[in-house]
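To start, I am sharing the structure in question, which I have written as structure tokens.
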Amino acid sequence: MRLEPINLHDYEARAKELLPYNVWNEVESGAMDEVTTRRNRTALEALVLKPRLLRDVQHRDLSTTILGTPVSMPVFVCPAGGHKIAHTDGEKATAQGAGMSGTIMVLSTGTNYSIEEVAEVATGPVWLQLNHRSKDLSQMLVRRAEEAGFKAVCLTVDSPVPVPQERSIRNRYDHPFERANFRGMNVKTGATVSATGDPFAWRPDAARLTWEEIDWLRSITPLPLVLKGIRGPEDALLAVEHGVNGVLVSNHGGRQVDMTLSSIESLPEIVETVNGRLELYLDSGIRRGSDVLKALALGVRAVGIGRPLFWGLAVGGAEGVHGILEILRKELDRAMAFCGQTSVQHLERGIVGIPRTWGLGEYDF
Amino acid sequence: MRLEPINLHDYEARAKELLPYNVWNEVESGAMDEVTTRRNRTALEALVLKPRLLRDVQHRDLSTTILGTPVSMPVFVCPAGGHKIAHTDGEKATAQGAGMSGTIMVLSTGTNYSIEEVAEVATGPVWLQLNHRSKDLSQMLVRRAEEAGFKAVCLTVDSPVPVPQERSIRNRYDHPFERANFRGMNVKTGATVSATGDPFAWRPDAARLTWEEIDWLRSITPLPLVLKGIRGPEDALLAVEHGVNGVLVSNHGGRQVDMTLSSIESLPEIVETVNGRLELYLDSGIRRGSDVLKALALGVRAVGIGRPLFWGLAVGGAEGVHGILEILRKELDRAMAFCGQTSVQHLERGIVGIPRTWGLGEYDF
Amino acid sequence: MRLEPINLHDYEARAKELLPYNVWNEVESGAMDEVTTRRNRTALEALVLKPRLLRDVQHRDLSTTILGTPVSMPVFVCPAGGHKIAHTDGEKATAQGAGMSGTIMVLSTGTNYSIEEVAEVATGPVWLQLNHRSKDLSQMLVRRAEEAGFKAVCLTVDSPVPVPQERSIRNRYDHPFERANFRGMNVKTGATVSATGDPFAWRPDAARLTWEEIDWLRSITPLPLVLKGIRGPEDALLAVEHGVNGVLVSNHGGRQVDMTLSSIESLPEIVETVNGRLELYLDSGIRRGSDVLKALALGVRAVGIGRPLFWGLAVGGAEGVHGILEILRKELDRAMAFCGQTSVQHLERGIVGIPRTWGLGEYDF
Amino acid sequence: MRLEPINLHDYEARAKELLPYNVWNEVESGAMDEVTTRRNRTALEALVLKPRLLRDVQHRDLSTTILGTPVSMPVFVCPAGGHKIAHTDGEKATAQGAGMSGTIMVLSTGTNYSIEEVAEVATGPVWLQLNHRSKDLSQMLVRRAEEAGFKAVCLTVDSPVPVPQERSIRNRYDHPFERANFRGMNVKTGATVSATGDPFAWRPDAARLTWEEIDWLRSITPLPLVLKGIRGPEDALLAVEHGVNGVLVSNHGGRQVDMTLSSIESLPEIVETVNGRLELYLDSGIRRGSDVLKALALGVRAVGIGRPLFWGLAVGGAEGVHGILEILRKELDRAMAFCGQTSVQHLERGIVGIPRTWGLGEYDF
């Protein structure tokens, strides 16, 4: 009998066996030379845990709240468009998997099942991820999310222009399923340009997105607003000043602009700047419970996973997504015990050590 | 005629030939991604020796005492449960090998030969390693160790929860021999959970172990108490304050929580904090006499070996363990001569240099 | 249908298929052990982009001027002798490709088509690169460049002695085409020594080139003077003092002296020293639009490409050179959008971060 | 026709083809895990040259003096025992090769041709390397060197105990030729122990060598005294205080104690401490003219080569040794031109840059 996957690497390996070559590469690839995608992992592995011992860690509490919504653990499912490439139930399965694990799923704008279809089957809290194309479209999506009972709006702010994933261009990859939120609307969306250069593709107008739209979004909905893709303290500070509720520190898994810092390297300066005035989250490269613990100890409230949700879907649909989340839960729980921590809401900063050679410095001779 | 092993790498290579695949992996593996296991070696190799020359080093004295017990050299055998996987004589052979080299063996709680069986054949000093499960069990084991003439109790403090070695889970590895100290007691022990999830396995309750149990242990026995697994200065300081006699700085060979510092990187700050108020030892990654010298010069009284004892057992039983120890003795002796040192008890700190990029730093932009 | 090249790596791979082994190696090789050639890439990849978000980046202006000459983007074609090895139209094709992209081509002294032949077909601005051999020869070349309408003179200053590329020596490579600027003059030129040790080769006398010749060159022509190959702030300061108009910070793609800093590592101190008193450019290792952006943000006005022009020529003559340049334009444009920048002439320094471990330091124990 | 070797790597590759397996490994190997042997190269490659340009470098002077003896370039041949393993003419060929290049050969104690035999054919200056075994033997050797017209005595001080090269132990390597300086004396010498444990081998008594013997050596001969193997500033200072004339900073090519700094990393602090009070030299890892230039610019008067002399001998006897030296001369000459230097005796320190991450640091958290 084949062993169940025991870590996320196993899910990744099995998904690679199961998915078509071009889908696999679309999921795995990063932008350009994928330097940032690799850096997300090397930076996380270079951070060290500094365990505290001989404490009563029999009872460990992983539950927390994210913008007031209770979750069973500080790990959520990041937005990613078009889950049908990995499983026929697509985002419906993902939502169910997240719900089974008692955590949030962030539903993309460019999904294969619509806001309403997902809401109907979701058993846990859902957020709407928004690619802003125009005020009309955004308002329509936000209204539908409100009606569907979604808990927050998460606006992607790091995609002013499309970045082709070079692996997908080589594979002439084009997303094969409809973008369900726009069914019958004669538009196509999607943050990436189709590899075949489909002339009917609705071109994103995201290059005009500014803080003015942030203010406008704040004005049209009572839902909390999260910005996804912030990479530095200056923009995090502006988010504070514009009344944003949460910031997802993310480099999009290295899928947008290559050659940036890893998300985790960006984090400490952002934490210091924000100083608790909004909630911080992080994604890009999370593969182990110890990664979750490191990010939490450095100051985020929760972390998100992206590529792994496709691995879970490919391996087992909703159960696979749930399986991925439960492995992270178990690993985080264990890492907390080893580090003498009993609550994700009260972690000691001192359990994480930053390498001397990490990050940026001054340049002087 | 095949050459005798000339270094520990040779022993390792031969043990790999001799041991079953799953046993070999159980011995070699570290926790999770084995980042810490590898770091134990890279950090030791990055430390540099700074030889002093033109001194009379004809007579070199490697003998020392550990908690008052004379040993012929500052290398001892670390606790590791279940030696029968490498040799039918198990811990009896290990004890004899250590005795042949005039040094201490630390006997695990979860051995295949009992405290009494090992005591009967041991020719050198023996310590008891303790996995605390309950006061009753610990008291029973300590009493038996006292009666067997053991010299100290070494409590493992870094295993609040079981960490499956992932290689062993893949191999469905389950330790095949009885835990002799509990013969007839209808309990099973062991710091690791059986890969097959044996429902009869006695679950460790180590997650409740705190400094209260340390105080209690100090109260029930006149034997010196050593804590194994301390990783940082805060816990080392608490050990001082709780009257502990020795601290074994160890990351369990990277077999518990992954992503920590190497043991040797943890050492300098602990040495500074402890400031001579208890004895310090180190394990995790020692493979050469120069590693021993580096750790000693940085401030430990002795170092322990773990995986190599299994290599020695596999290759030659007691003679193999002895062979391993004698290679380290010879290499340490030679490294001392090269560095102008004549006594392990009076080493100069200046013979070890720490790389500029080593260890942790502040993070500022 | 084979995919068009989507990045410069594709051009490189196809050129390798197309070019004879010895020509390929002549193009690709660096000096000696090629440590510097590799370092040019590793240093650029280690620099990080620090995107600024939520700005209106719909309109991005890549146009700039170089010494007053308008160019459509801050990328030009570096001098490199003898383009016929990659395409039969040689420098004529290169000039046309550069012109198609609206940028400058720097024509070498040792070309296979003459100043006049290239001027006749060029559709964009051309500079003359000068290997100074004697005042007579330099004056003759400068006069012809003036008459041909060239915009500047770019003197190579880092080649006092010939450095054989070791790969080419092994291949007994000798440039197979005439040096057209000296047609009928009974001299041969070229910065490199022929591998076959051609006894008729005109030996460069560059080892006597000093600032005296710089002053002389300034005196004989109204054309702006650029020095190519400056590697440090002291010489850049001298360039300022001698009235030079521009400095091309370059290590010759690692093809002259091995074991230097990468060009990009040399840059910050030069920028600080020059302090805007002349224009700065950079070459050596530029392969991505993000590399261009990094160099610009650190303070250069434009960057040059060397080896890639041969890849473009080999793949498609003028169209290939144009293709290379257009890929860089597109990548630079995208990188600017991602970083919140709308004009290459007004980039923020803060979008580039320098690794803590980069560059040189003091040495103290 | 096969190409002549164009760099030292070529000589190395050809010597590997020509020499028996066990001889090749004896030549190439370092001590233990060969960490230091590799570090000698990586540290040299990490140092950077910082060229100065636009200087008249037409005339470059590589000649210098070493302890008053004129040499045509600052590269000499290091002592290494038993050259017959690479060429039947052994040290006679080496001495002739060094003489052809106008530089010093340092003749070992344990040579296959005697002091007198080498003196008879040598055409350049020769030094005696001394392994001190007893005052009688040392005095005898020094007297013979004086009579043979040798220019200095170079005492090896880093070999208090024998370090078997592990590759040679595996190969059961034993030096196959007589130690000619002791012909008919019923002793064998050599700094390394025979791998076969020859019971007649004369055991070195070097572990008793102290500064007392240095003073004694100074007293018995007017020849200048050089100490070979000094690794740090403390011992270099003692050398100054004991009236030593020169110090060869060396880690014996990594063949004695493993895990030390590279020689070049040890150098700056020694240079600072010695402050010109004696001459400094360096060996261990020199393979390129740029390596020579780096060491010179950091403060040594000359560098030595070890393993390469065997490569030269194997490839071409005296001509091969000469060939090796001439390649280094040509490379050094070229590197000087590139760096704007015209005399090895007046190099600018600023042409070498030390990486920020190089060397040792303080350890603090």
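Lettered A, B, C and D in written order, each chain numbered from 1.
The rule we apply is simple: a residue touches a chain if its C-beta (ideal position, glycine included) is under 8 Å from a C-beta of that chain, and two chains touch if they have at least 3 such contacts.
As the structure is a prediction and not an experimental result, all values here were calculated from the model.
Student: Would you identify the chain whose Cα-based centre sits farthest away from the centre of chain B?
Tutor: Of all chains, C has its centre farthest from that of chain B.
Student: Since chain A and chain B are copies that touch, is their contact same (over half of the numbers shared) or different (under half)?
Tutor: Result for this pair: different.
Student: Could you give the separation in Å between the centres of chain A and chain D, each centre being the mean of its C-alpha atoms?
Tutor: 59
Student: Can you check how far apart chain A and chain C are, centre to centre, with Cα atoms defining each centre and the answer in Å?
Tutor: 41
Student: By residue number and range, which residues of chain D touch two or more other chains?
Tutor: Residues 357-360 of chain D each touch two or more of the other chains.
Student: Touching chain A in the complex: which residues of chain C?
Tutor: So the residues of chain C touching chain A come out as 3, 6-7, 45, 47-58, 268-269, 288, 290, 294, 331, 333-335, 337-340, 350, 353-360.
Student: Provide the residue numbers of chain A that touch chain C in the complex, in ascending order.
Tutor: Touch list, chain A to chain C: 32-33, 35, 157-158, 160-161, 163-164, 166, 169-170, 172, 205, 207-211, 214, 229-232, 234-235, 238, 256-261, 357-363, 365.
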